[in-house]
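Below, each structure is written out as structure tokens.
Each of the two complexes below includes subunit A, the first together with subunit B, the second together with subunit C.
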Partner chain A sequence: MSALATDQINVILATDCGSTTTKAILIEKVEGHYRQTYRGEAPTTVEEPAADVTVGVSNAVAEIAELSGRQLLDEQGHIIRPARGNTGCDIYISTSSAGGGLQMLVAGVVREMTAASAKRAALGAGAIVMDTLASNDKRKPYEQIQRIRELRPDMILLSGGTDGGTQKHVVQLAELIAPAKPQPRFGERYRMPVIFAGNKEAWPLVREAFDEGVELSQTENVRPTLDSENLSPARDKIHDLFLEHVMAHAPGYDKLISWTNAPIMPTPGAVGNILRTIAEREGINAVGVDIGGATTDVFSVFDGVFNRTVSANLGMSYSISNVCAEATMENILRWVHIDMDERDLRNRVKNKMIRPTTIPQTLEALIFEQAVAREALRLAYLQHKEFATTLKGIQQQRTVGDLFLQDTGGRSIVDNMKLNLLVASGGVLSHAPRMEQTAAMLIDAFEPEGFTTLAKDSIFMMPHLGVLAQVHPRAALEVFERDCLIYLGTCIASAGLQKPGKEAFRYRITGDLHADGTMHAGEIRLFPLKREQQAMVRIEPVRRLDCGAGKGRPIEQQVRGGTVGLILDARGRPLCVGGSGGAKRDQVSAWVKALRLYDME
Partner chain B sequence: MAHAYTPGLKVSEQTTLHVRRLLPIAGTVHVRQGDIVTAQDVVAEAMIPGDIHPLNLANQIGVSSAEINNCMLVQPGEVVRIGMELARSKGIFGFFKKTYVSGIAGTLESVSKITGQIILRGDPIPVQVRAYVPGTILQVLPEQGVVIESTVSLVQGIFGIGNEQYGPIRIVCQSCDQPLTADLITEEMRGAVLIGGARMTHGAVRRAIEVGASAIVSGGIDDQDLKEILGYDLGVAITGTENVGITLIITEGFGDIGMAARTHALFCSRAGAMASVNGATQIRAGVMRPEIIIPTTAKTGNGEVFQEGAFEGLLEPGTLVRIIRDPYFGFIGTVASLPAEPRMLESGSKARVLEVDVTGHPRLTIPRANVEIIAG
Partner chain C sequence: MDSVSDGNWRMKRSVRYILALAVVVWGQMNAAPLLAEEAVSPVTVTVVDRPWDNGDSLVATIQLSAEHFQELHQENTASRIILTIAEENNGLYVPLAEYPPNDGNWEIDDAARTLRRIVSGLHPRHDYYFRVRWRDPAGDERIVAATSQAVSTKRQWFLGDKWVLAVVGFLICGAVICFIELAKLGRPMKVRKIAGLEAVDEAVGRATEMGRSVLFVPGIQDMNDIQTIAGLNILSHVARTAAEFDAKVEVPTSRALVMTAARETLQGSFLAAGRPDAYNPDLSYYVTDEQFGYVAYVSGMMVREKPAACFYLGSFFAESLILAETGNSIGAIQVAGTAQPSQLPFFVAACDYTLIGEELFAASAYLSGSPEELGSLKGQDVGKIIVAVGIVAGCVWETWLLWPA
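This part shows the complex of A and B:
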């Protein structure tokens, strides 16, 4: 930690070492407020020939120094601290996902209970979960062992049993993992860290099952009782071991660790951290999404409960072909309003897969990529909703009112009607030529209901701010609000279905924008409302539709504008692109026109 | 900026290649530095610990977990053969004893008094690494493998499926834009590396498998054909372990696309020569492209040494490039200029571009991300 008190910190340097690019930002106190002032980037250098992550960090920092005129590196290439005049910075922090990030194997006794809790802990810490083993995962023991041997995780999290509960099953799992001798990614001298976060009474027996070949440690049970989860100790332990073992074996990280003023965090863990901080501070429910070339991360905070999922193989370049296979071409093409040849598209998708760095040159190619993005996001969010559930296995008190309710626990806690803020990041969303396209992709894929603010991460700064929030929360929050988020506007959507063309809701807008009228089912409309503007919106839905106050009940709320504006969406939820052939295309064309998505002849 | 770096694929008539041949775990290297090896020679070998077979022996003989140690007839570390008695229960007053006979050979690794489970480890599995390319052992990496140096003609493809294969080069399509169809493949092509021109059809692949060809190399393939050959839709480009009976390599991309004339001409000049091919492709971290390696008789290459993997080349006026995205996908031309300022594309995005001269077309403006260097 920096020896400086937080109020003495005026200049902050932060980097995020990604798989391909190292991104650096400079945060400075300007007129009493923390602002992000400069940014620089350089290729990540964990691979040969440099094989030292700090080379890429120095290059990215050098770019900032050049742009800002502030000398940040000394003659040896070290970061100068503390800041004096136009030299150096007060603290330096970093996140990392280089070399494929943190890859983990998790295990628990019951797949839906302790194994699910272990998976939530690993994902929350920013890991990629390679596989989840459980006594009831329908695989035979030798198949489980075979799987452990095939994988090369960085770390294993073993849970199982509530405190005072089963010991035999969790020991049985340990007895499968131990002889399988899982091979780590980083050479033979690396001792695989295994964290035990299960029934504390089983710890001596688990310890007996493993030999010296692994680095075994214990932390509090992730599921001490059936109706409670305790994920923080396991997450903290994962972060500690990530630094001590995984990072220490990656090229140049020992040097990077010595440079930073706070522990290096896995990039997704840091993104989750800032989203959680914002949701807690504002008292809101938020969803964040980061769509990359290979994977899509979804983060959510609902009623204070944080969840994160990684949809491996749902991405826009390396795994674009998998998106098409999972979503089907028919579902992708429902978002397209112009003629396209399916065979040609299939070949184009494969060509993007094998040449992932190419970009759409024609409008047609852009329209198609954005259609694929809608489906990738929709599938990733679906997976997130299925994963972010209330705890399973809890005994429930039922009343007569619940007689016809088939709910058995494990209900998704993701509720689009309760969602207040939806934040987008990742190439296809951040670099869309028009912000309206980003907003449309978010609305079509996530289907927000009621009143939802839409925003995008301007330059993928959330990882930097996530780690900064641990050192200097005020600076992190100020930069998040002022520079990180670009507000696109607000979407107001009715939930439920109404016959196409029939009245859906009436609206009355006052404040910086004045308008009133009626929205009909199937319609979407865009109103100009700038970032600094606000408006009071009153919505009166028809009997079968809900805009946040209940079916048929009017609702009035203050909304904020943005670079896109205010969007009223009466297309209904769940969103159906109805009709077939020409009718469907006409419908999508009308939406494209209403949101001014593309310039078409 | 008058130049930039961009990825490319190697097409070289003569180069010095360094091939790393490594074991998955520590083992024994059978060759020494300076040794001459053929493609099929085994250069290193290791024994992977055998498969593990867990078995709840306490349940099998009807005793509690705590009693299992007293019933064991074999102790941890001892060798177990098929048919050997592993454990026997004490029975009741010496009667009704239950015995468990092993159906697996190996070594008894552990016995758990908590769960009653035993772990039997099967016999070690040998793994051999062959030289793959004929040449000279340049370096021995103790217990890991070797680096082989060879002077070769080298062509990197853009995508492939299937593993390492060997065979003589056989030219099937006489021009680079002739599709490779089933009627062109004959019985005497057994064991050969078939060189096509444009798209290889599904029928041609089926016929090549029938006659027992080692591999097909052609310009393109249709996605639907690949799906039918594999039996599933490929989601991510990590390949090399497919077992379809042949190795397939495309040099340009998916769709109706002809092989670059220069690549086709190189294959024609090496017709009849023995080649080592590998369809393994990995587009994510640690990029791996499929390859066709044809050893030459020359003692040295052109002075340049090529390490396997992808490479970056300098993009500057005069560089030969291939356009790798629609609307000009597959066009080959030379870089005319590299404007410094980003330009607005038809899609509405701003990107850094380059201007390319393509024969028979007006000068084209293309995003820099959408070209790759054709390297010699």
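This part shows the complex of A and C:
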């Protein structure tokens, strides 16, 4: 670990070892501020013939060294530390999702209570949750044992019972897992790590249930009482075991661990970490999305509560067929404003699945791919909303006035009206030919309400910054603000529905941009407002619509510009496109034209 | 030949039946004007059975001469027409009503010069005789018309003045049948979410996680109370959930019969959940019939054993607040439901979820999802809408009538 004080750190090297590519970035102090200066990438070398992740890391770092003229590797291929003049770096940090990342099995007594908390802990730590076992999951014990044997997780998280609560159910779960003898993915001599984060009084009984075949450890209960969650100890334990066991058995990771100045984090865990840090520091609610080829990760921070979901079958290449099946072709085509042959599109989908690295070659292909992306993002966000809920099983306090408003527990905490920042990353969003297309995909899929700033991760730097935030928060935040995010602009949308063509809201824009007028239901309009520009926007919605201050109440806020600008969206929420009552193709064409998404000439 | 004669015989028999039926119907239709007795001219009185009634009234119509009619309608006239009734011909005639003044029950037809009045409160199938007397300004009375033949009332199948109820009844019953048939055809019946029932899983889950029991109180009334039955319907759902979660559910009862019914319910639920082995008859037990003895036991048990979820679903009286407050103090999730309006505020204030009035009965339809119950629920809703619309329309109409010109 580095012995340097944070103010002495001037050069930072960070890598993210993905499944296919290892991405390295160099962060340097320029005129008193940390800036990301160079970037390099190389194929990941976890698989044969190299079977050593550090080879790929060295290649990516060598590319940066070549670009920057700074010598980062010594003759043995080791990273030079600390930095002296134009040689070496002060700290080196890394994240990893190579080999499928961290795959976990979680178990809890009640699916919606302790099992849900355990799942939140695992997802928050950056894991992919393969399955959730619970006493009420409607499966017979033999089916549960069979499932455990089929899966090959890296780690198991066992929770259940409040402190002083049930022991019987927890021991029953332990007695299901122990005889199933789950087999790990890596290493012959690998002992499956099992973390117990349940009723502490059940610990002696759980210990008795397992033999020497597993690496059993205990941490604090994820649900000490039903009224509160305590996920941090379990997440820390997962990180520790990830390094000690999972990483140590992956090819070359023992060497990589010895190189780094901070523990290696799973990539999604690091992304969540930086988003949480930003949301806490700015006091905002934020949502981040990373759409990949096979999976889509959604991160959210609402009122300080962090949630992450992985939609395992929603992606743009390996999982594109599943997106089409789940969303239906009809729903995908509602976003397409030109004639397309459905048979041709189905062939296109299958081709994308078997050739995942191909990119659209024609405008039609691009329009279709972005339509699929809209549906994949929409479905992933729906799953996220269902998962990110208030705790269940809490005693409610009511008055007689609540007679007709008896809310149940487990309400979604995701509130689009409260959302301040929406960050996009992933190929289809980051590499869209026009920023307007990225903004349109985000707005159509996430349906932000009120005032929402849109941004995208420029070069998928968030994982690096997530792990950096643990070592040097100031550097991470400065780079995040200056180099990581590309601000697309601000979207102002009215919530509620109004008859098409009727007045939705009046607007008055002052500051770096001057405009005023009326938006009618079904309209969307783009105003040029550059990144360095700001404007004061006053919105006066009609009685049925809400732009953030309540139905029919005017609201005035400062907004920031971006590469796209300021978007006023009067299409209403929920967004109705296609179908019998939704917007028709000519209306979608009007939106495409208003946002200048595609050059059709 | 045999078959031909047999056919003729059958046809003749059918014709006889039809003729007999026609005679009965004709008789029914013509039953109303039982008697039309002309009396001394120029005043006549006609008394007939009142149609579409329950057999306790007749309609008397007095036809006046032009002179009599004019005299009666003069200002400050002292002349009177008096309708009298007797139970035998030339017997003791008792005055029924006189005109003027109009007590509100006389219907006057100026063009036809008739006075019409419904005479009610009579005995069915009893003979009555009527006379009309004329009192001149001097106070002398004389008989001006009379019925010579007896008139009796006749009871009809339907009350004509209740036709509105018939229409409403047909509408509601029709709606119920219609919705049941629609539900049977597979048309989805949307039932508003009942928060208290949605919370059953949550409450039982809490008990499971905390390693505590679930307490179910089915009210303090016996099985003849519909609320107790509704409560036991919900118990089946709660017990099934508890069986699935492997949680303990306890049902103390204040009636022996309720205990037996609760045991049956529990057994069925454990069986349905696929856990018949977990059923224990002692989960439901009888405490006492005494209201406060029962409450004292249940409250004491709650304080000692601290169940994590308490359900109070049935008929409750003064014990509602004691139970709900005790449950609140031990930190249990509480779901209550009763059709006793006076107890609802206590439950709302002290419990997490409350099934208000009819929600208790709607719950079983909500839980079972059976077409019959869902259809009935929907049909009843139509009835409520009709009543609500009727009330509003009636208020508007009455207000309109009262409005000054």
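Just so we're on the same page, the second predicted complex is superposed on the first by the 592 of 601 C-alpha atoms of A that agree within 3 Å, B and C clash if a C-alpha of one lies under 4 Å from a C-alpha of the other, contacts with A are read in each partner's own complex, and residues count from 1 in each chain.
One rule holds in what follows: a contact is a pair of C-beta atoms (placed from the backbone, for glycine too) under 8 Å apart; a residue touches a chain by one contact, two chains touch by 3 or more.
Given the structure is predicted, the values throughout are model-derived calculations rather than measurements.
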Subunit B versus subunit C as contact partner of A:112, first or second or both or neither: second
Tell me which partner A:143 touches in the superposition: subunit B (first), subunit C (second), both or neither. neither
A:516 contacts which: subunit B (first), subunit C (second), both, neither? neither
Touching partner for A:318 - first (subunit B), second (subunit C), both, neither: first
Have a look at where A:346 lands relative to subunit B and subunit C in the superposition and call it first, second, both or neither. first
Thinking of the overlay built on chain A, is A:386 touched by subunit B (first), by subunit C (second), by both, or by neither? neither
Output check: A:362 vs subunit B and subunit C. Expected answer is one of first, second, both, neither. What do you get? first
Contact-wise, after the overlay, does A:167 reach subunit B, subunit C, both or neither (first, second, both, neither)? both
When the two structures are overlaid on chain A, which partner does A:431 contact: first (subunit B), second (subunit C), both, or neither? first
When both partners are placed on the shared chain, which of subunit B and subunit C touches more of subunit A: B
Based on the A-chain superposition described above, do subunit B and subunit C contact any of the same residues on subunit A, and if so which? 167-168
Within their complex, subunit B touches subunit A through residues 7, 25-26, 49, 51-54, 65, 109-110, 112, 114-115, 117, 119, 121, 158-159, 222-224, 226, 233-237, 253-255, 281, 283-286, 324-327, 329, 345-351, 366-367, 369-370, 372
Quick check: in the complex, which residue numbers of subunit C touch subunit A? 195-196, 198-199, 201-203, 205-206, 208-212, 244-246, 331-333, 345, 348-349, 351-354, 356
Hey, which residues of subunit A end up touching subunit C in the complex? 109-110, 112-114, 135-136, 138, 160-162, 164-169, 223, 226, 392-396, 398-400, 402-403, 406-410
So in the complex, which bits of subunit A are touching subunit B? 19, 47, 99-100, 141-142, 145-146, 167-168, 171-172, 175-176, 179-181, 183, 188, 205, 208-209, 294, 313, 318-319, 321-322, 324-326, 343-344, 346-363, 365-366, 431, 433-434, 598-599
